[in-house]
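Got some structures for you, see below.
There are two complexes below, and they share chain A, which is joined by chain B in the first and by chain C in the second.
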Partner chain A sequence: MIWSSFLFLLCSLLAGGFAIAVVLSNNIVRMAFYLVLSLSATAGLFFLAGADFVGAMQLMIYVGGTLVLLVFGVMLTAQTPFLAMRTSSGELLTALVVGGVLLFVLAFTVTNVPAWQPTNTPAVERNTPVVTAAPIGMALEGYRVDQLDQPDAELRQGMSGYLFPFLIVSVHLLVVLVGAAYLARARQAANDDVTNFPSEVRG
Partner chain B sequence: MMLLASLLTEPIGVSHYMVVGAVLFTCGVICMATKRNALGVLMGIELVLNGANVNLVALGSPYLRGSEGSLGLDGQLMAMFVIVLAAAEAAVALAIALNFYNSLGSIDIDRADDLKG
Partner chain C sequence: MAEPLNRLFDWILSWFGGAVPLNHPIGYVLAALVYVSLVLGLIASSSLLFIWLERKVAGRIQDRLGPTRVGGKFGWLQTLADGLKLLTKEDLVPGDADQMMFRIAPYVSFCASLAGFIAIPFAGRDFPFVAQHLNVGVFFVLAVMGLEVFGVILAGYGSASKWSLFGAMREAAQVVSYEVPLGLCVVIPVMLAGSMDLVVIGDKQQGWFTNWYLLHDPFTFLVFWVYFTCATASVNRAPFDLAEAESELVAGFHTEYSGLRWSFFFMAEYGSMLAVSLLASILFLGGWNGPIPIGDLLGLGGNDIAVLGYIGNLIGLVNVLVKAILLVIVMMWVRWTLPRLRIDQVMTTCLKYCTPIAAAMFVGAALWHVAMPDRVFLGLLQAPAANRMVTEKPLVEPELATPPAEEALIAKNETNHSQEGQP
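So, the complex of A and B:
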């Protein structure tokens, strides 16, 4: 057994198993914990596929940022009646049947595409490390250093990098974070004496 | 079944990764459909986005595919954009969920059927 297959098996079983645990668990705090583990195992899958920068970003942004946000949301709303809200068993059964059919169709499809079958000719040697942080950074700045040897000159014209999507996504992030802060601001109560009549309270 | 049996002898291919992505996607869809807690629905969305990310990274991987026809770095860049959009979506959805909780005193999305102010 080759080690990459073993590590792939380990990471994929962890990711899929904890994802199933997220579905089957009723306790919202446990769901958040299982989600952290599942997404961390997914980062391991990214590393195994040679996407080191995306794996690191998965750990930093997703596990370190987004899920911490989710856990804060859980803590802010974790009243006892909402900690474990059960779905009715009929709904769960229907969802499991529909989900099983969906999973069967998807798995059947992806295992029957010839181009996606395991090949013995990877693009790089198995023992050469792939370093992607610098090419990704250059692509975000507008230069595709990985496409310099593209033989077709017309194709090379179109590979001008990701500067514009990068710009759009940064403005989008700024707007979204301002909007989130506006939505989640502490609302001042209308009958709050301190804010409406500060002099009376102070006097 | 053939795929699982060949896992131990053959190298990993794109389809192995895509099966994992399909499992994550299906779990996310079931989670979005059945959870009554709004934050549980959010976790389902995160799972769906991760399933998509696994597929994108696998299609762009230099280890799994030959250089011809591969997405190359494009797959990884798309996965990065998905991660950033997931962060933005989580921030806004969490703000909405907190507002919902503050005004209704509940996080049950079955009670979210009115748009009265």
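So, the complex of A and C:
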């Protein structure tokens, strides 16, 4: 499995390296570009892990959607003081502490999950397409098809799908959409005033 | 593909006394190289063809001959002459430009266009011609091709030119907004086939041309044209070519580019044109299934005998490429016929017409799919092959219980049985 290890190493190095580049860069558009590369490399990691759907989702939402919006926002609003960002030492310290704690927690968790210990069993062969979309969809409906063999009844209850978080996210999105529509509507009214009564608008 | 290659490699090496074990990395590396060179060759040769074709189509529509100077008959050397010209042009970078962004933008565009081809199949059945057989093929292709807009934005920003920036903003706005109706249109064949796997979607349309999703019901017939409009817009072709806009912007986001970097944008455009056309022919026009199931009638459809199945797949490859190239020609025809739309007209077309129509057609197709038995509309010509069960993997793979190789073998045996059971 040399090639998969090599690709994993390559993708994770790219993701990590460009993440550092985001932090070190001063130019805000370059930051966005490094972020694109970092997130794309993360999508590559997902593909490597056989999670096609999540990988494509990562490309679609984060790289294709969010970051394009981000760059749009930067280009449309960025004034000279924001175009080149300088980090103060206090911010750097805070970021280091938060990032370090997060890294510690993640590394601690990863090394302590028994199912994730390294073994000698070979990875899944990729000759046949891995079905990822259907189990995710069913899990969002509240039915974990991948956890049917869990013998412990109490654990099985806890693995009964993502219906609740899914609902919360949906409501959250709805609130965001309503807010966005409200903001856009207010702007629209002002614009109408400008077009209809150009002489009466001041300032 | 890796395993046969390893066997082949093993066989060749055994002549020299060496041996490569199965599943050795060499086989995988070779398989990857073969895939990549095939896809690259397809894009490069299609660009060669399309650049020449664009001039010929334009010439015919404008009542002139098109290129005739180079290459004697039909001016067939025109593309090579173009390429030579572009290669020898100076590689300019504006003085105030963001050097890195400016240099890297064409590659971003081209890579996004190229990567979409990884998951597009060219023939189906049990042994599909596809570089990476993804369970979520349609979604992956759309996601990757959406990244092309990033190259546009980078080019516009990096050029340090107001025209380029304006062009990039307009272009990006157009591409991003046309992804919405495009996605809606793509959902309909996905819903009819019950899978996001492009191979499955193509295989479900087996048989005569009446089985194509274009003719599945009136809604899919309409939605194909909406898809084609949105696809034309999302690859920046006229009449949606805000980038070129001679009267306002002069070449838009690639104003400052010259020589080979400019041609990368051009190749990305032609690559994307071919990609969306291939997608259209797989989703709506039956993909590798011709109007008449010649392969099935000659007995090349099944894969009982590997060589016959391979020949059947080659026919399928020709089918899908012919359909895609015809669609590309339609795009060129439209480009040289219709006038350019203004930015507000472009946005109106997308938001006021394409998106609502696609949404309504989605509801209509869903209702039709529920209410009507399969293939009522024009379902008179049914080839015997049309009833053949499409081999599909079960929803949940019991891969924990049985290793995949064994499972594939079982599935294959079952397929053979079901084929034998039918006349």
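Worth a mention:
We take it that the second predicted complex is superposed on the first by the 130 of 203 C-alpha atoms of A that agree within 3 Å, B and C clash if a C-alpha of one lies under 4 Å from a C-alpha of the other, contacts with A are read in each partner's own complex, and residues count from 1 in each chain.
Operating definition for what follows: a residue touches a chain if its C-beta (ideal position, glycine included) is under 8 Å from a C-beta of that chain, and two chains touch if they have at least 3 such contacts.
Since the structure is predicted, the reported quantities are computational estimates derived from the model, not experimental observations.
Of the two partner chains, chain C is the only one that A:A133 touches; chain B does not reach it. In the superposed model, A:A107 makes contact with chain B only, not with chain C. In the superposed model, A:F8 lies in contact with chain B only, and not with chain C. Between chain B and chain C, more residues of chain A are touched by B. Shared-chain residue A:V23: touches chain B; no touch with chain C. In the superposed pair of complexes, A:F53 makes contact with chain B and with chain C alike.
The interface of chain A with chain B overlaps its interface with chain C at residues 2, 53, 57, 65, 67, 72, 124, 130, 132, 135, 146. Considering their complex, residues 2-3, 27, 29-30, 33, 36, 40, 52-53, 55-57, 59-60, 63-65, 67-68, 71-72, 75, 124-125, 127-135, 145-146, 149 of chain A touch chain C.
Of all the residues in chain C, the ones that touch chain A in their complex are 2-3, 25, 28-29, 98, 100-101, 133-136, 139-140, 142-144, 146-147, 149-150, 153-154, 157, 165, 169, 172, 176, 179, 196-197, 393, 395-397, 399-400, 403-405, 407-408. Touching chain A in their complex are the following residues of chain B: 2-3, 6-8, 10-20, 22-31, 33-37, 39-40, 42-44, 46-47, 50, 53-54, 57-58, 60-67, 69-70, 72-73, 75-77, 79-81, 83-92, 94-99, 101-102, 106-108. Listed in rising order, the residues of chain A touching chain B in the complex are 1-2, 4-5, 8-9, 12, 15-16, 19-20, 22-23, 28, 31-32, 35, 38-39, 42, 45-46, 48-51, 53-54, 57-58, 61-62, 65-67, 69-70, 72-74, 76-77, 82, 85-87, 91-92, 95-96, 98-100, 102-103, 106-107, 110-111, 113, 115-124, 126, 130, 132, 135-136, 139-140, 144, 146-147, 162, 165, 169, 172-173, 176-177, 179-181, 183-184, 187.
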